[in-house]
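Sharing a structure below in structure tokens format, with a few things to ask.
When the chains are written out, they are named A, B, C, D and E in that same order, and each has its own residue count from 1.
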Amino acid sequence: GDEEATTNDKATTEEATTLKVASLIPPMTEILELVEPQLEADGIDLEIVVLGDNVQPNTALAADEVDANFFQHKPYMEEFNRNNDANLVPIEEIYFANYGVYAKNAASIEELPEGATIAIANDISNVDRSLALLAQHNVITLGEKTDVYYTEADVIDNPKNFVFKTVDLLMLARMYDDADAVVMTPAYAAPLGLTPKSDALLTEGIDNDFAITLVAREDNQDDAAIQALAEAMTSEEVRQFLEENYDETAIPAF
Amino acid sequence: MPDVLVQYDTEIIQAIGETFIMVGASVVAAIVVGLPLGTLLYMTHPQKPMENKLLYQFCNTLVNIIRSFPFLLLVVFCIPLTRLIVGTAIGTTAAIVPLAIIAIAHYARLVEQSLLDVPKGVVEAAQAMGASRWQIMTKFVFVDARSSLILSLTTSIVSFISYSTIMGVVGGGGIGDFAIRYGYQQFKTDLMMYMILIMIILVQCIQLAGTFLARTLDKR
Amino acid sequence: MPDVLVQYDTEIIQAIGETFIMVGASVVAAIVVGLPLGTLLYMTHPQKPMENKLLYQFCNTLVNIIRSFPFLLLVVFCIPLTRLIVGTAIGTTAAIVPLAIIAIAHYARLVEQSLLDVPKGVVEAAQAMGASRWQIMTKFVFVDARSSLILSLTTSIVSFISYSTIMGVVGGGGIGDFAIRYGYQQFKTDLMMYMILIMIILVQCIQLAGTFLARTLDKR
Amino acid sequence: MIVLENVHKAFGKEVAIHDVSLHIPEGAIYGIMGPSGAGKSTILRMMNLLEKPDSGHVIVGGRQLTTATTLQLNAARKSIGMIFQHFHLVANKTVYDNIAVALSLADVPKKEHATRVAEVLAYVGLEAHAKKYPAMLSGGQKQRVAIARALVTKPRVLLCDEPTSALDSNTTSGILQVLAQIHRDFGMTIVLVSHEVAVIKSMCTHVAILEQGAIYKTLDITPTGITASDNTAESFVRALQEDHV
Amino acid sequence: MIVLENVHKAFGKEVAIHDVSLHIPEGAIYGIMGPSGAGKSTILRMMNLLEKPDSGHVIVGGRQLTTATTLQLNAARKSIGMIFQHFHLVANKTVYDNIAVALSLADVPKKEHATRVAEVLAYVGLEAHAKKYPAMLSGGQKQRVAIARALVTKPRVLLCDEPTSALDSNTTSGILQVLAQIHRDFGMTIVLVSHEVAVIKSMCTHVAILEQGAIYKTLDITPTGITASDNTAESFVRALQEDHV
């Protein structure tokens, strides 16, 4: 959990401001689209900038090209700050993407054969997250964290000799047929008709740091427009939307 | 028209427009900078009218360096330059900068090669008439190589279209990115197929036009 | 050696190996399939030894379709084929299939163009001697176009290296992907720079070798 | 042996050959003359169907080339040698390879190549140039390579398009003597396009004179024979100082 | 006017020109003869520095070409016309454009091009072919375009490498008459490489005979003049039926 939206002194904005928010894929973009009309009523023109890469939304935010972004969890953001002398700050946790393990030919993790292939995302924070998920359920054991992230090198015990294959995030779902098991976010599992609730062998749940968070910069975090956006994104409307459309997949974090 | 196209019609039209802007700008860059750069590569070759080892190696290395970058990283590397030129590093306009740079390097290489196929005699005829280097190129070598230059440009344009599909990274948009975002990431397979169809038609038209023009202009 | 390289030495060596495998396989595919396909494109052109509108349009469209796909989507489309051929759709071996397909289309186009620059007289001399189509190509046209074919292959190989950097999506690995994953996504800028340096050196070597070979073999 | 029946050829609107019929007897040395642009090259190129007539027939050695399949045409062409007006050497092959390739197309075993190439190179006086590439040769040397390439397979028919245009009279008579010798030994049919009256007169038994794509006249003549060649600079001095050329 | 001083040129190990000195007086028609491969083309190509001598000097119109800068060399070349042995036409330019480009390089105003190109095309008898591309021309027609291109700028020096090799004797004498006429009108210096004794004899006042890259002899001769041309097929019949050629 993280700090709640702080109290706001200035309640109104006089003139229409444009708020640029970088994002990647649904449901992130859908949430932003959902709150757009509400912000418009507040005199804020929300412009959604869809990018296609996991680094550029932060780069753009740090460079003042956008005012906020909405695609990442806090650890990922912190890592960016550390490496780029950036001052990004989390504004509001919006939902948990319930990471899970899926397998086509196994109903439980125990059924996976010795030496089975497990596909995981190839970017380092997701490698960390995938391994942590498996460790959380005692499928593997991880050693001391030597770096910021766990890597495959940190696996000290792997009783069933699982083989990890790293592929692009976008490719994970396609590996469902290929690998014995896939560790992925619900957003990628959904198109296969898989939900964390009924299909995942293991899930992350909500007790973690990985809530998808609205992020802004230190210098604009208190801006009325940002706060208005944070407020809109934590509205009942959004909660309802997530619960109706992304049950167990995107669990509201507010 | 299929429902899915109707549903997304404004986005699709916008994506097509973005592709045209990005590819159009690349073509302009290829012609305005890539053609001269490729010509310089040719001219400074050993035994060519402006033989110059140093200049050749400089241009050659420059082109190689640009072509060595994984395209994604080139886009990232260009960000400061892009910001300097167009004031922002995201969006279709911003995507033009890295695309133009790769377009220049790509076409320059093909230009160099096309010109190397021009028979020696053509250059000799020009030199014997006292043609300046500029005249040797414009009045003789380009004329002889014109169909080859056009085919190279055609091949390059098709590559530019392909490169433009990666520009989603910096929000460049375009049909390819649209296909990837909606079709692939969101599993709207039918939408993706239509987008790919549009790209095939576009490429086919460009190739046909290029081949036709090259053939018409080839009197050798 | 810089610390960061020592730290990742096994991974880097593996990545270099993966790049060599992927690019090497693409080169083989380009030569074994792309060269004949490009030759067929040339042969079936109007006024060329095997003039055949239908066959030409078929091959031409095939090449265009492959080149129309956003590369990422081509990789995805190839998955069933890849699985059929190499048994899996992930890993370096699996990455070879889409790379080979694009390599074939890419080189075929450049081969077609190189051959179109061969003077008519060479083909006529071959025909007058009663050469079969195979002999016309192998004993005459390829010989005349050899330096151009080598330069085209060089240009293509550099492109293949560039394409291989995208193969991280299916776990293909390679230097480019290494640079993107460790260098770019994990902000290890120095590591990324070293990887790019390796790629620049690789590209520079290939280009120098290609240019040298082409120049040595060019007796025109 | 070679029969052209009402062959006709137009390039666009321009008619290059108007309904020409020609009969060239087996073993003849047949000259074709005519002003520049008359259609000599076009008609010669029809005899191995490099130029496809718009109408009419071409029959060589009893074979209808105009209706032949590609395979039949290729077979026929293997026994028809050709010397092109513009030589058409392969720039990236050495002199040796330019000649040897004709042998390998004619299915002459590889082990015979060296001796046969050496033989024709001696005929045309280019023994010393076997390893050169065409770009390193003088105009006359290129032409002689083209001649050697056509002769090396000892074809049944030899089509020569201005074979000595780039050669001085001494070299020309040397080449003509070789042609005459080969003709005596093998009795092939030779068609000789030339603008040099002296060449035609010395060699040919029949001449056709072309004008604007049509046959103006055919003549039977008695070849005068070739005067001995003397390939020295002194011969130029002598020729220049003679009263009549 | 044209002075070669101890020029020397080797291609690899092969020496093509051995230390040749030659003095060609202003306004002369200077013939260069010699057997095939003697070095005629090489020496001619040195006169506008297309072939750079390994040592020695080339002086044309008082200008040292061997030490000239690119700019000076280009300026000098503008007054030196050249007819190449292999024509070197630009394949993608029409006959008209191949000739007109020489005018535009010589800075002749564009509005004069049409009349001047028409004039030289009439000289060489190709009025009807202005819009054709080189690939559509016969061998002799190509050669005549090359001649027209060299003549159109009325250069002070004209270097001709076998300018009539592809032409029958009638067309040749037509061309030679044009050359003689232009020479009378403008008094340019003409260097004429030819293997045809008749051509040299009819035109030249001086002749150098080359052998193996060296000058064997230089002669002063009295040109016999050019016999009237008669470009008909009948002239071939007559020539064939004459006793002497």
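Some points to look at:
Operating definition for what follows: contacts are C-beta pairs under 8 Å (C-beta built on N, C-alpha and C of every residue); 3 or more make two chains touch, one makes a residue touch a chain.
Model, not experiment: these values are computed from the prediction.
The minimal number of chain-to-chain contact steps leading from chain A to chain B is 1. Contacts with chain D and chain E are shared by no chain at all.
Following the contact convention of this document, no chain is adjacent to both chain B and chain E. Think of chain B turning onto chain C: fitted on CA atoms, that turn is 180 degrees, to the nearest 5. For chain B, the chain with the farthest CA centroid is D. Chain pairs C-D and A-C differ in how many C-beta pairs they share in contact, with the greater number at C-D. Annotation: 18 Å between the Cα-based centres of chain B and chain C. With each centre defined as the average position of its C-alpha atoms, the distance from chain C to chain E rounds to 48 Å. Between the Cα centres of chain A and chain C there is a gap of 38 Å.
One inter-chain figure worth recording: chain A and chain D are separated by 81 Å, centre to centre, where each centre is the mean of the chain's CA atoms. Residues of chain B in contact with two or more other chains: 72, 76, 120, 147, 166, 177, 180, 184, 218, 220. Listed for chain E are residues 86, 135, each touching two or more other chains.
In chain A, the residues that touch at least two other chains are 55, 170.
If you check each pair of chains against the touch rule, the ones that pass are A-B, A-C, B-C, B-E, C-D, D-E. Per the touch definition, chain D reaches chain E in the complex via residues 11, 33-38, 40-42, 85-86, 136-141, 144, 161-162, 165-171, 195-198, 200-201, 207, 209-211, 216-217, 219, 221, 231-234, 236-237, 239-241, 244-245. Across the interface of their complex, chain A is touched by residues 72, 76, 79, 83, 88-91, 166, 168-171, 177, 180-181, 184-187 of chain B. Looking at the complex, you find that chain C touches chain D at residues 121-122, 124-125, 127-132, 135, 139-140, 143-144, 146-147, 217-220. By the touch criterion given at the top, residues 48, 50, 73-78, 80, 82, 84, 86-93, 101-102, 104-106, 133-135, 153 of chain E touch chain B in their complex. Across the complex, chain B meets chain C through its residues 46, 60-61, 64-65, 67-73, 76, 109-110, 113-114, 116-117, 119-120, 147-148, 151-152, 155, 158-159, 161-162, 165-166, 176-177, 179-180, 183-184, 192, 196, 199-200, 202-204, 207, 211, 214-215, 218, 220.
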